[in-house]
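Both complexes below contain chain A, partnered by chain B and then by chain C.
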Partner chain A sequence: MDIFLSRLFSGMTAGSIYVLIALALVVVFRSSSTINFAQGEFALFTTYVAWWLTERGLNIWVAIPPIIVLGFVMGALAERFLIRPVRKRDETAILIVALGLFTGLNGLDGWIWGSDEKVFPAMFPSGEDDYVSVLGARLHYDSILVWIFAAAVVIGLTVLFKRTSLGLEMRAVATNPESAALCGIKVGRILTISWGLSAAIGSLAGVMLVPTIPPGQLNLASMFQVLIFASAAALLGGLDSVKGAVVGGMVMGIGLAMINGYATFIGGSFSLTFALILIVVVLVVRPTGLYGTRRLERV
Partner chain B sequence: MTDAPLLEVRGLRAGYGQVNVLHDIDLSVGTGEVVVVLGANGAGKSTLMSAMSGLIPHSGEILVDGSPVGHPRPDQMLARGISLVPQGRGTLTALDVTDNLRVGGTGLGSKKDVDEEIDRWFGIFPRLAERADQIAGTLSGGEQQMLAIARALMSRPRLLLCDEISLGLAPLIVQELFGTLRRVSAESGTALLLVEQNAELALDIASRVYLLEVGAVASSGTADSFRENNNIRQAYLGY
Partner chain C sequence: MLEPKTTPAQAPASTKRGPRVIRRGGREHTVLLGIGAVLAVLVILWGGQLDPFNQGQLTRVAIFAIAIVGLNIATGYIGLLSVGHSAFFGLGAYTTGVLVVKYEWDPLMTIPAALVVCLVVGLLVGLPALRIRGLYLAMVTLAFGVAFPEIVAHFDDLTGGAEGMTIRRQQLRPPEWSGFTLGERSQWVYWLCVVVLLIVMWIAHNMVRGRYGMAMIAVRENEIAAASSGINIAVMKVTAFGVSGAVTGVAGSLFAMYIGSLFAEGSFTLLAGITLLIGLVIGGEATRSGPLVGALAVVFVPYYAAELGQGQVAAVLFAVVLIFVIFVAPAGIVGGIAKAVRKVVVVTPRIPRKPEGTQQS
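Coming up: the complex of A and B.
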């Protein structure tokens, strides 16, 4: 029982990170029907900045608000000056710009900070004895923290989309940008805000993520796997659904923890293959995912 | 107050990519006036509406209240009091009926104004009120058209542009919609510019007519003069 629980806990913690990155993907997809492949690299850049700030003596908690703001600004600027000029052309152009951002940002990180591993500060004491015991299983404080942050973001986004006029405008733009414009919505502004918001969520996920994946060090590849898992999670849940991102992220996190724990004959390296297979299966069997909107139209 | 028309276009050209569809269109709509643009398929009616509401680029002049407006975006035309019911209705299919109307009221000042306006349209279209919480994509064609009209009028525009609202709808529903438009226009002084293939109904409520042929204004005049003109009657009214 205790082994099962500790696997469940670690699955939920990884899942929470996937939920956050999946939400970042969902926020962009909802408003602009684009998957932002550079999502992980935005987060990696701001995570490096967070590390750099803590190296200068700043407490990691103090470093979080500025890097969230930085993430927002980066996302917003990327939409305004890189994505929007090519938006009118076609979807492929957007994809190529996103891929350019992906490699460009990663190269920039390496150029500024070097390719060696950085020891990333923990947000909570995460030593051997820093846990609460739940039915014999260890529940570490930093796990609880990740859950709380993920839950807060989910609640915040739900309120934003369901209860605020900004959220309503974002949903309108997601459904039909032309009609939204005719209704007086400044579509460009909404897209810029969406990309900013998405990158801000990614920034938060970045600083939470690094301490939770052993050995807790930051390097240039920190985001690759996570982005693939989160993309699979977002696809599984449905790319335009907050609820879908939550369910998809948790299924990925807990599912992988259980497979790696109980099906050891498959081995840990199977995780990535599992994610990629899942992506293909979802795309073939149910392209709208579990909770994505099937287009409800009567002609 | 000046005597300048509410909306005027001079030498308007517009099209898609390299293809020019409209050639030097001159047209105007006065305050509270009801004007119809008739034309066959492909005459450029929808292009004209899209250009005037800022959806597609144009050259030539668009003037509102006598002043040139340059090349405004749709939200900027709306801010000047000009609203479009697009062809195909532009329903926000994933949103419910109330949220569709709420989006239409984006430019209104307060939430109270938006709620008042929603109540008003639920009064005018009781069928929308019955379906207030229904996802708009599941409405029938006629209901979606009601919703599109109500949504475009949520912003309390001075001029409503309607792009073929009769398209694909049963004659009875079309009659009902035109009746509502006429009433709303008379009560609140909203000017109407209707683009139509259904000439008979449109001539009934319009005072002036423009006839569009292959992207240019072929003739214009009062609705009465058009009804009395034999050639036009035969071509567009069929008797």
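Coming up: the complex of A and C.
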């Protein structure tokens, strides 16, 4: 029982991170109907900045607000100056610009900070003894912290989309940009805000990701896997659904923890392959995911 | 190899001071083609007597050009954006590696094997493309590219896992008939890669110029219109993806012979796949010599960028160039040059011979 619980806890912690990145993908998809492949690398860049700030002697908690702002600015600038000019052209152009951002940011991290691993400071005491015992399983404080943050972002986004006029405008743009523009909504501004918001969520996820997922160190490849898991999560839940991102992220996190824990007969880690298979199966069987809305296409 | 001569004419010859018109198959056209061929042969011969390091760079150019020709079939012509072609590259390389090291095959014989393996896997990966398009397919290939090193690590008894796999020098001995000794291995690999590149480019040229190529472009431009013109989209997409993977697999196989040691976390990661795609876009999607130009960029940009700073500078430069190309010349360098040259010279198709007993329309 205690082993099961500890696997459940670690799955939920990893799942919370996937939920956050999946939410970042969802926010972009809802507004501009594209997947931002550079999402993970935005987050990695701000995480490196956070690491650099803490190296300068700043407390990690003090470093979080500025990097969230930085994430927002990066996302907004990328949308305004790189994505928007090619938005009207075709889907492939947007994807290629996003891939350019992907390698560019990854290379920039390596250029500025080097490719060796960085030890990221813990946000919360996370030593051997910093846990509460739940039915014999250890529940570390930093796990609880990640859950709280993820829950806060989910609630915040739900309120934003359902209760504010900005959220209403975002939903309008997502449904039909032309009609939204005719109603007097500044579509461009909404898109810029969406990208900024999404990158800001990613920044938050980045800071929490590194301390919680072993080996607890920051390197240039830290975000590749997370992006794949989060994409699988977002697809599973439906790319335009906040609820879907939460369910999908948790299923991915807990599911992978259980598979790697119990299905030892497969031998070794097959997490990415499972994510790949899940992505293919979801897309082939049910492209809208669990909670996504069906999109119609006129011939 | 020189693109401008072979690009289809767009504007009809105008009566005013329009571009100079050259008829395909005419004397001027033949002369230009001849000059192009002679230049190509000179460059290849020049490469043949270079010192080992620079020759190795050219070998790499040839290998990446083959890989990008493969990617071009799927991404350039039929519009299936693949981010994870590094997996095919790696699969080809590991096919050669495993067959040579574990089963002591002749390296040359592993090229067809890599082709077949990658063709089959390409067809399988292409299957979802029947229902998945654009963005979503890119995501599937992305996941395929990320998952590949993990799969390699899993079969570590075959592939050496995370430690990598080394092909012994002795096992890569050039065949007797080639006349190269073991010490001249780099020369042998150079000539092998050049010959394979020429064959691949020739096949791609024929494929693209023919009925199949036109069907591919039709699918890319408008699937619904293509389907209503009687093109079987399902067959087109899946075979194109399979062929694309197979060609890139051949490049991987040659890469294994060139480099001699395989390391999945190093050579075949997602970043390698994105690099192939960047090479294609910079060179020119859906152009026949674009992959060659792209391969030059893929090999030499990191080489010269290394002088500016740490190794990652190349990635930043690539990103800048890529975004610049997307904004300024969406058809890539070759496409951009071809467009500029068309203002000066256009090539018109040859006049079809009038068939006997039928009316020419």
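Here is the rule we use: the second predicted complex is superposed on the first by the 292 of 299 C-alpha atoms of A that agree within 3 Å, B and C clash if a C-alpha of one lies under 4 Å from a C-alpha of the other, contacts with A are read in each partner's own complex, and residues count from 1 in each chain.
Definition applied: a residue touches a chain if its C-beta (ideal position, glycine included) is under 8 Å from a C-beta of that chain, and two chains touch if they have at least 3 such contacts.
Please read all numbers here as calculations on a predicted model, not as lab measurements.
Looking at the shared chain after the overlay, A:Thr158 reaches neither chain B nor chain C. Once the two complexes are overlaid on the shared chain, A:Gln217 sits clear of chain B and of chain C alike. Contacts of A:Thr288 after superposition on the shared chain: neither chain B nor chain C is touched. In the superposed model, C is the one of chain B and chain C that contacts more residues of chain A. In the superposition on chain A, contact of A:Leu99 is made with chain C only, not with chain B. In the superposed pair of complexes, A:Ser115 makes contact with chain C only, with no contact to chain B. By the touch criterion defined above, A:Ala181 lies against chain B but remains apart from chain C after alignment on the C-alpha atoms of chain A.
Contact with chain C, but none with chain B, is seen for A:Ser271 once the two complexes are overlaid on the shared chain.
Applying the stated touch rule to the two superposed structures, the overlap between the chain B and chain C interfaces on chain A comprises residues 299.
The residues of chain A lying in touch with chain B in their complex are 165, 168-169, 171-172, 174-176, 178-187, 293, 295-299.
Contact residues on chain A toward chain C in their complex (touch as defined above): 34-35, 37, 82, 85-86, 89, 91-93, 95-97, 99-111, 114-115, 220-221, 224-225, 228, 231-232, 235, 267-273, 275-276, 279-280, 283-284, 287, 299.
On the side of chain B, the complex with chain A involves touching residues 53-55, 73-75, 78-79, 83-84, 86, 90-95, 99, 102-104, 106-107, 135, 137-141, 151-152, 154-155. Considering their complex, residues 79, 81, 83, 128, 131-132, 134-136, 138-140, 142-144, 146-147, 150-151, 153-154, 224, 269-271, 274-275, 277-278, 281, 309-320, 322-323, 326-327, 330 of chain C touch chain A.
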